[in-house]
Every structure is written in structure tokens, then in C-alpha cells.
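After this come two complexes, each holding chain A, first together with chain B and then together with chain C.
Then we have the complex of A and B:
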């Protein structure tokens, strides 16, 4: 029996601990520090201002926090519901015994998920172009020369556009997860239920759903967190626009895009590093809580399975 | 026992790796080598055929000074990125951009004064007066001017003749309308209709202004609203999503008869797209006593940042870049107005059609405001134009909201 000293284990872990401390913790601690100062583009000093940036963030009438957060939560809500819905439908279809060549369907479904999202985002941006995009061009064939959905210039259409792209990119992941869970359900259970006289609808809600949901729940929460932090796909399509009011961010300005635009984006002006840092710390707390929730749920899920 | 040895071995390997990593970083970062290799990084916004003649000058410098490497990096959102990167000691040695950003860069302590290396008398005697003034701020010299630029109308001679190009804003509207009706799927005059720089000619031509050096914002004036209404009146005759890229491709592909654009784009249109280009000045505004539409006249400049390892070397590169012969060779391709006085006086410049075209327009322009307050204006104006062009707000409402945002921004600058 090999005895490993506690110190030896620590020695092994030391490189990664040091790396994590330097690479992960330093920026976080610096941002935290920054959020308590008044450092801006024109003020290089780090003067301590206490909670002033947070108070401005939460209580100032011109603060963008709740507007941007509201947009983001709405986006996450709509996207995640559609992920699960489409994922379930495709997984149930693929799990049907009469479907042949499941592996071919799976690989086809996984193409959008596996393709680099930056590339697909730019393709979608072109598809959505009002004047020259294929979607509107095809529409014009059927509805006349004046047809056109203002995909990227109308606020509602632009929001729908970034939802469509994100759902298209991500629902195959749910198909895989749900299909995996479905295939782990023994066929005998379903057969037994059929014998007992349960119809398809009852079999789904009473049998499939309770057995699948423990596996899907953690995936849903994790996916909500990544959608919350969505940056590249949406930014490449809309840059956070369209602007409907010059005094407010555009309707697809989700939290990450907002922070980028405020510091490095084409619209960055009067960069208020400290206020953006306070915004970032607030997001960090929210995401931290969500991650904690995800962990609790996945542990809970395991307890149910066991 | 064997296990223990392998653990020791592993640890020693890790330690060895660390030692190697540290050792190499010391040797490469040290300045003990006699060769004194130096790298100078320049962040810029030059693109396409416009970049090649500029790159050629730096290549020539590297040939003369084999120890110097000059790295050109094209950056999007150049100014905010530079300010943030320089503060993190991660920025370039030299920034090349138009003079409107100088006030912002000085006040944010991003660039350093260069009087020590580039004297005021050198600047005043080498460059044309307006350009020499543009690199001086708060009584100090901050860099060198490269070229003087303004947007003007460039038209495709195959599609329209000189007498068809409108000379008043009223004619311009009817020209857009009739051209679009006669050539479905094609457009008359295109320009990025949601960009604060490209639309300045209309605002200033209608008698409005963006911001004064004292911080007064002028977006909610009747003149500004008139300019906004004028821009909005083109909505039925131009693409709904008309940004710089779209405008350029429409003109390059012959789908737009004319474009409002600057010298940075000329080389691409003339050589790459092979268009026979005619020049015309922007139209007069009858609503404002026939004042000419007034574009911003910018001075493209190069400044040295706080991160520069060797400001003296940077100064030498900048002087070389803007000397008579190099500028002359460059503008023959780019069609820019040189800031170098001697190059400007050269007969080649006088006879060049493109340079004459841009110079002709520049005389009706207004200097780009280089007050740091200007940094608070670009976004609100662009946002107002976006709201106007998509039709989500009336010009008056959009500009009133932009005024509010800009005033808040100006307060942020002076706070």
C-alpha cells in the first residue's frame, strides 16, 4: 500500500495553484479594487470612493444596469426554453425505433454546434441583411419587390434574429444530452406502461419526463449561464444594436456586450473604468450565485438518480 | 521505493522547465547583446491599397537600419483600445490616427510630448501651417502630421457625367430619387448614413455644430434638426443598412454612381476596382444661404505613446516617414494631400487630379475639433443617426436624446 504524504500532494498541486492565483485571481482582485476607485479615461489616479460606483449603478436614474440586465434575462429565458423544447422534440424523434441511421442524423445536427460560432455568426449577419441578404431576397420573390423584414434595424426583429441564431447554434447540444438520457431508459419500462394501458402522452409525462429531467436540469442551468455571458455571436451580428434611443444602449446589448462597448467598442467614449468594473463585479456575483445553484441542482439530481 | 524516485524525477523535471523558462526570458529581454535589436510597434487604421505605399516607407527604413523592426498592426476601435492598452503597459509605441483624438489622448496621458526630439521650429518649417498646428496642443509638440484629408464626392465616370452631379442639396435629393427609379437595384450617391464623421458636412453645412471648445453641445438646435431631416429624406432611395463597407462595395461594383468618401479609400477604387473616378465638391445648402456642405478637415498624425521604449528612435522614424521624398512617393499612389510643405509645392502634386479634387473640397471644410470634448460626441451623434436612419425616432427626438447623452459625456470629460 502506497502512502502519499499530504505535503507531496500539495507539492504536485503547487504549479497549478500558483498559475490559478496569478492568472485567475489577479484580474478579479484588480477589478474589485478598481470598482472602489474613481479611475477613468481622464483620471489616471486610483482615488478611493467607497461604494459610490455601486450606488450609481443601482440608484442613478441614467444607470443602464437594469435595462441591460433585463434584456439579458429575457434573452436567456427565451433561448433556454427553445433549447429544451427543440432538443426534446428532436431527441424523441431520433429515439423512435422506426428512425434509421441515428448516427447520420446526429452528426448532421451537430454541425452547427461544432462549427466555429464566429464564422456562422458572420454568415447569419449576411443572411439577415435587409437590402442584400438572401432571406429578404427570397421573400421578395414571393411577396413583391417591397417585401423585407428589417432583421437588424428593427428592435424586435433584431432581438428575434439573435435568438434564432443562438437557438440554431445550441439546441443540438440538448438533443445529444436528452437522447443520451432517453437511451438509458430501459425499453421494458415503456413496454410495461403500454401493457398497463398508458397512451403516448401519459408515457411521456409520467415515465420519460421524470427519468430524463435529472440529466437535463444541470445542462439547462449551465447553458443559461453561458447564454447569460453570450458575447461573440451576438456582437458579430448586431454590435449590441439597433439603437432606438441615443441615450440608451441598443436592444441586443447584453451584459458582456455592454461592458465591451463601454471600454473597447466603437462606441466607447469617456471610458469610466471604475464604473464598468463595478458592473463587472455585480455580474460576477450574479453568475457566481447561478453557478452555485447549478452545482446544488446537479448534486440534487444525482441524489434522485441514486 | 520506485514510485518515490519517479516523483523526485517529475519534480526535478518541472523545476528544470521553470529554470529554462526563466533563463530564456532573461536572455531575450536583456539588452546586453551588442546588436541592440529594437522593435517599434505602430497601431493604425490604414487598409487595402492605401496601406501598401505606407508600408513601403517603413520597409525602406528597416533596410537602412537593419537592427530596427517596425511592426504595423491594424486595429479596429483604435483610440479606446490604445488608451486602455497603454494604461496597462501593453500598448504600441506609435499611434497613427486623425487629429481629433489628440486632445483625448493628451488628457488621458496616453501620448507623450515630443519637443525634446521634434522641435516646434522643425514642425513649423517642415509641414504646412494647418497640419503643423494640428500636432501641437497645450503649447507642446506631440508628433508629426502625415496628410490632410476631407471627404468629397467621387463619381464613376462610366455611370454619370460631371454635369449630372448635383450642386445643391435639393438637387441631390432629386438626383437620388431619379437615379434609383431609372436603375432599379442601384443607387445615386452613397455614404455611411449613420456615421458622425461622414455626416458632419450636412450638420455644419446647415449651420449646426457638434461641440465647441468650451464644451457647448449643439445637437438640439433647429439647424441640427434641419440637417437630421435632410439625412432622413434619403431613406426611401438608399439601402436600409448603409454602413461604410456597404457603401464601398456598392461603389466598387458599379451599383452606386457616386460615393462620399476620403483619400483613404481612393486608391482601392482607382486601382483595385479600376473605376475611372471624377471628383466633385459636396453640394451647397440653399436652406442656409447656399453655404457649402462643410466636411471635417482632418490631419492624419502619428504620435508617440507613454509605452514607447525608445522615443528618440520613434522620432527618427516619424521624421523619415514624413520627409519630402517619401511623402511624394506615397501620395502618388494614395492621392492624399501631403502635410510636408515641400511635397505640397511639388509640381507632381499640382498636376495630380485626385489631390486637386481633395484639396478643392478641403477649402470648404472646417478643422476637426481636437478638444477632448469631441470624444463625448461621436457616439451620441452616431446613435442619433442610427435612430433616424432606421426610423425608430424622428430626427428632432433622436437629436434631443443625443444632446442629453452628449452633455452628460462632456461633464464626464471635465469632471
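Then we have the complex of A and C:
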């Protein structure tokens, strides 16, 4: 380590200290403060109300917290399972010793990764269009002119739609990670297992799986976190809809979309800033816990990046 | 049956140029055995080609899945508005035309969007990388009180999506008098602050892999700390710097929520960023799909070129879970 004067250390740190204090910390502290007040759109005062907003959030029957969290967790669960599954199958296929042109396949499969995700979200919305979208048009080729899945208006179809888009967007990343881990397994190990009479299935579960999972684990937790706080891809396609129960938000209203719609949504009226702030702080706690968990899981002090 | 089999193998062996009439019986049997083994290999190869065919089909399906949205929007952008409002599938425009692109560049404020977005993302990336690299250097190379705490704080901040404090940002920017006078600058500052949290972590992890002895040697030789940092450490950390910069730039290019909250569209929306403009093209009741498709392509091409260019830095510059592909 370099021995330098304290003043030098301070100078090197100054830019991030100033920026973080003003632009990162102030809004968080303000939100924390706001969550203990009764500030709303029409009540400009900041009267201290203690934990009232949190109590309302967790216990009131008209609180959407657990509904929205439940939807989000369901979404994260389905997406992450599909990421790992498709990522593994694709990586195994590409790692097959007799598959030719691995790098060409890889470049093609990585196209969704390189395209800007906000644009592709809007493109997918186009593809899901009931009348003019090519997905229903392909369906019509097989099932006749009256075929049509109401992708964006039927709750189950809309949920499936945002799962499909997220899988399309994220599974290539898993393919890269898993393929990298597969390629680092010495071929002799697999050959030795074959000689000892292990079949393909046994080789996968006893040999490949244990060797690959340490690499896949951090990626899985990481993408669970990213999916949990996903906004763009879902909002740009469904805006959180469709609504099935007038008292509740739409079925694709995941936590970040809920936050946004509460403040900026078309139906947001007399915005209860303090309650929204309590919701935000709760999400921060959840995300913070998950982040530190992800870091603990990536062994040996390896860095975790989003 | 068995005799016939053996006979066939002897014939096959003779075709492959081996003497069937061997001098000794034992040697002949050995040859037959070898030939048998070869046929077995051939049969196994045929059987093992079957899974190979399935693997190729699977890869082809996944490739179509990956490429289709991009392909479709590109062909739609060239279709004029001919066949975008039909209910049957059209995969190629009948009469390809650039009319949608002409419209996008002449009738839509695409150029303004491009400039606005480049300003916001460029500024955010510049501030993000510049501040991250000095901060990361201090966190990697110096030991001081509160270092561990700072690293934990950075990690915690990384768990805080800016969207959660959306109202606070509004007040912050109006307090800094940026909201009405220079909203793009305000937006860039917010992006930069988020970026440098990520950037400091990423670049610090990369600095940690560069031996500190290099700088120590330079310092002994009389270089100043600033020279050691700028001439030795930074050039060696190029992959991390490029990957971080790209990550920041792409992040801004895609950001919708904060931009939508902070930028108020003027009459023709020329003060927006690209993604807001593109979104505004998708109406609730009627969307001009042809213009939308052309604009989507225009917005994506610069970014994809950047991605292709910086791809070689990506695997080494982003240490995701320590895995290198």
C-alpha cells in the first residue's frame, strides 16, 4: 500500500464524497425523513407521525405492499428459473465437443444483449400487438384467421409477455457465464467419469453441476436483484396493467412500477408522498439485504457488480 | 447370422485394404476384431449424430428467438406503411423504401433527441468515470480510517435505485435551480451519481488486481503520485475504464423513469431524450409503426456499434462474480 499524506487521500476522495453526499445521500435521507411525516400532495406540512406510515403499509387492509411484493417475487422466481434453465441448456449445447461454430452461434445469441433494452421493450410491445403484431400473425398461420392472444389485456398473457421479454433479454448472460464455467472444466474429468461408467445424466449431476454452480450462484442472485427492481422492460410494455381488481394495482405492477405509478400514474390523486416514501425505504431495506447476501455468496472476496 | 456378420466384416476389411488371408489364424482373428471395432464405432457415430441434429435444431430455434424482434423491426422500418396494418404475417417488405427514415429525420425531432441523449449520457459518463477512478484509486491504494465503512456504504448505495427517491430528486433539482433552467444537466448529475457508485466498485476491483509494486517503483524513481496514477495505473486499467464507461453510457441511453419525471415535453417534444421520444410515438389508440420502427433502428445503431467496438474489453473489464467467459 502507498504511504501518502492524509491531505492527498482526501483530495482523491473529494469528488465522490461531494457527489455522494449531495446527490445520493440527500435524497435518501429526505425520503427517510418524509416517511415519518404526514406530507401529501395537498398537505404541504411535514408533521411527525412516527411509524404510522409503516404501520399502515404493513397492516392496513388497503395497503398494496404484500400484493405488489407477491407479484414481484412470483415474477422474479419464474424469470430466474427460466434464465438458469435456458442458459444451462444453451451453454451445454454450445459446449458439445462436436458443435461447430460456437463463436458464431454465441454472437447471434448475444444480439438481445447488445440492443438497448428500452428500445427492445418498445419493439416487443409492437410484436405483442393484437391485430398487427407478428406473434399473433404467426399464430394465425397455424390456427386460422380468428386466432389472437390478447397479450396486453389478458392478465395471464400480459404476465407471460413480460416474462418472455425478460427471458429474451437476460438468458444470454447466463449462457455466457455457464459456458465460461463449462469450458474451465478439464475434458479429462468428463472422460474419466465416462470410463468409470457414468452416463450423461450422472455426469451432469455429479460432475458438471457441482463444478459450474459456484459460478452460476452469484449471477443468479445478481439477476434476481435486477429483476426485482426491474422497471423499464415491464413498464414500457404494460405500464403495470392490466387491472383485474379495481381495488388493486395491475398484475404486472412490480415494486418499482408501483412506486412510479403512485407518484406519476394516470390515476394518482392526492399523492400520499409520506406513504410512498415508507414504501421506498422498505424496498431499500429489502434490496440492501439482498445485495449484502449476494456479496456474502460470492466467495473469496470477489467483487459483485450490477 | 453371426457367420454372415463376420463375413461382411471380412469384406469390409478387404475393401479398406487389409489382407484377409492372414498368415496365421490368430492374427486373422485379431484383424477381424479390429474391423468389428471399427464398424461399431461407425454405428455409434450414426447414433450419436441424432442428438447432434437435435442440438442444432435447438440452437437454430434459440437464434430465431434472439434475432426475430430485431429483424422484424428492421424490415418494418423499410416497409413504408404498406403492410404494417394487415393481420397476416409479412416478413419482407414488398417495395422496400426509406420513406420512414426520411420522415423520422425531417418531421420528427430525432436529431434533437440524439443530441439531448448524447449530452446527458456523455456528461454523466464523463463525470462518472473521472470521479470513480480517483475514488477507486484511493480506496484501492491508500489505507485510512473509514475505508471499510466507505466500501460498505457504496455497496448499500448500489442497492438504492434512484427511482425510489423520485420526489426527492425533484426538490433537489429545483433547489439547485436546475429543474427549469438546465434539466438535462440535472438529469446528467443524477445519472452520474448513480454511475459512480457502480464505477468506483468496478474500477476499484480492477485496480486491486494491478500490483502496487509498479507504482512503488515509479515513486522511488522520483515520479510523483499523480504521475504514477496517470501514467501507470490508469493505462493498465483501460479495460475496466472502458467497460465502466460503456455501462454508464448504455444505462443513461435506456433510462426512462427519471427522465420522464424531470423533463417536461415542449410542444413538439424536441427537448426530450431519445427513449422518451420513442415512447411518445406509441399512442394509446394509434401508433405510426413505420416511423416507430425507423426511429428504433436509428436509436439502436450507435449503441450497438459502440457495443461491438468495446466488446473485447467487456469480459476482462467487468468482473462479474469473478467469472471470465
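Heads up, the rule we're going with is that the second predicted complex is superposed on the first by the 290 of 306 C-alpha atoms of A that agree within 3 Å, B and C clash if a C-alpha of one lies under 4 Å from a C-alpha of the other, contacts with A are read in each partner's own complex, and residues count from 1 in each chain.
Basically, contacts are C-beta pairs under 8 Å (C-beta built on N, C-alpha and C of every residue); 3 or more make two chains touch, one makes a residue touch a chain.
All figures in this text were calculated on a predicted structure; none of them were measured in a lab.
Partners chain B and chain C, once the complexes are superposed on chain A, run into each other and clash.
Contacts of A:141 after superposition on the shared chain: chain C is touched, whereas chain B is not. Of the two partner chains placed by the overlay, neither chain B nor chain C lies in contact with A:61.
Contacts of A:131 after superposition on the shared chain: both chain B and chain C are touched. Applying the stated contact rule after C-alpha superposition, one finds that A:8 touches each of chain B and chain C.
When the shared chain is aligned, no partner comes close enough to touch A:103: not chain B, not chain C.
Contact with chain B, but none with chain C, is seen for A:266 once the two complexes are overlaid on the shared chain. Touch counts on chain A: comparing chain C and chain B, the chain ahead is C.
By the document's definition of touching, of the two partners only chain B reaches A:42; chain C does not. After overlaying the two complexes on the shared chain, residue contacts for A:199 are found with neither chain B nor chain C. Stretch 240-248 is the one among 60-68, 240-248, 312-320 or 402-410 where chain B clashes with chain C after the superposition on chain A.
In the superposition on chain A, the residues of chain A contacted by chain B and by chain C overlap at 2, 8, 15, 131-132, 145, 263-264, 273. Residues 1-2, 4, 6, 8-9, 12-13, 15-16, 19-20, 22-24, 26-28, 30-31, 34, 86, 89-90, 93-94, 96, 98-99, 105, 108-112, 114-120, 122-127, 131-132, 134, 136-138, 140-141, 145, 168, 172, 176-177, 179-181, 215, 217-219, 222, 225, 229, 231-232, 235-236, 256, 259-260, 263-264, 273, 276-277, 280-281, 283-284, 287-288, 290-292, 295, 298, 300, 302-306 of chain A touch chain C in their complex. Listing the residues of chain A that touch chain B in their complex gives 2, 8, 11, 15, 40-42, 44, 62, 129-132, 145, 148, 150, 152-155, 241-247, 263-273. Across the interface of their complex, chain A is touched by residues 52, 55-56, 58-59, 62-63, 65-70, 72-73, 76, 84-91, 127, 130-132, 134-135, 137-139, 141-144, 153, 155-169, 171-172, 189-190, 192-194, 196-198, 200-202, 204-205, 212, 215-216, 219, 225, 250, 253-257, 260-261, 275, 278-279, 282, 287, 289, 292-293, 296, 299-300, 303-304, 307-308, 318-325 of chain C. Partner chain A is touched in their complex by these residues of chain B: 3, 7, 11, 14, 76-77, 80-81, 83-84, 87, 104, 107-109, 184, 239-241, 246, 372, 375-380, 382-384, 386-387, 389-390, 392-393, 398-399, 401-402, 404-405, 408-409, 412-413.
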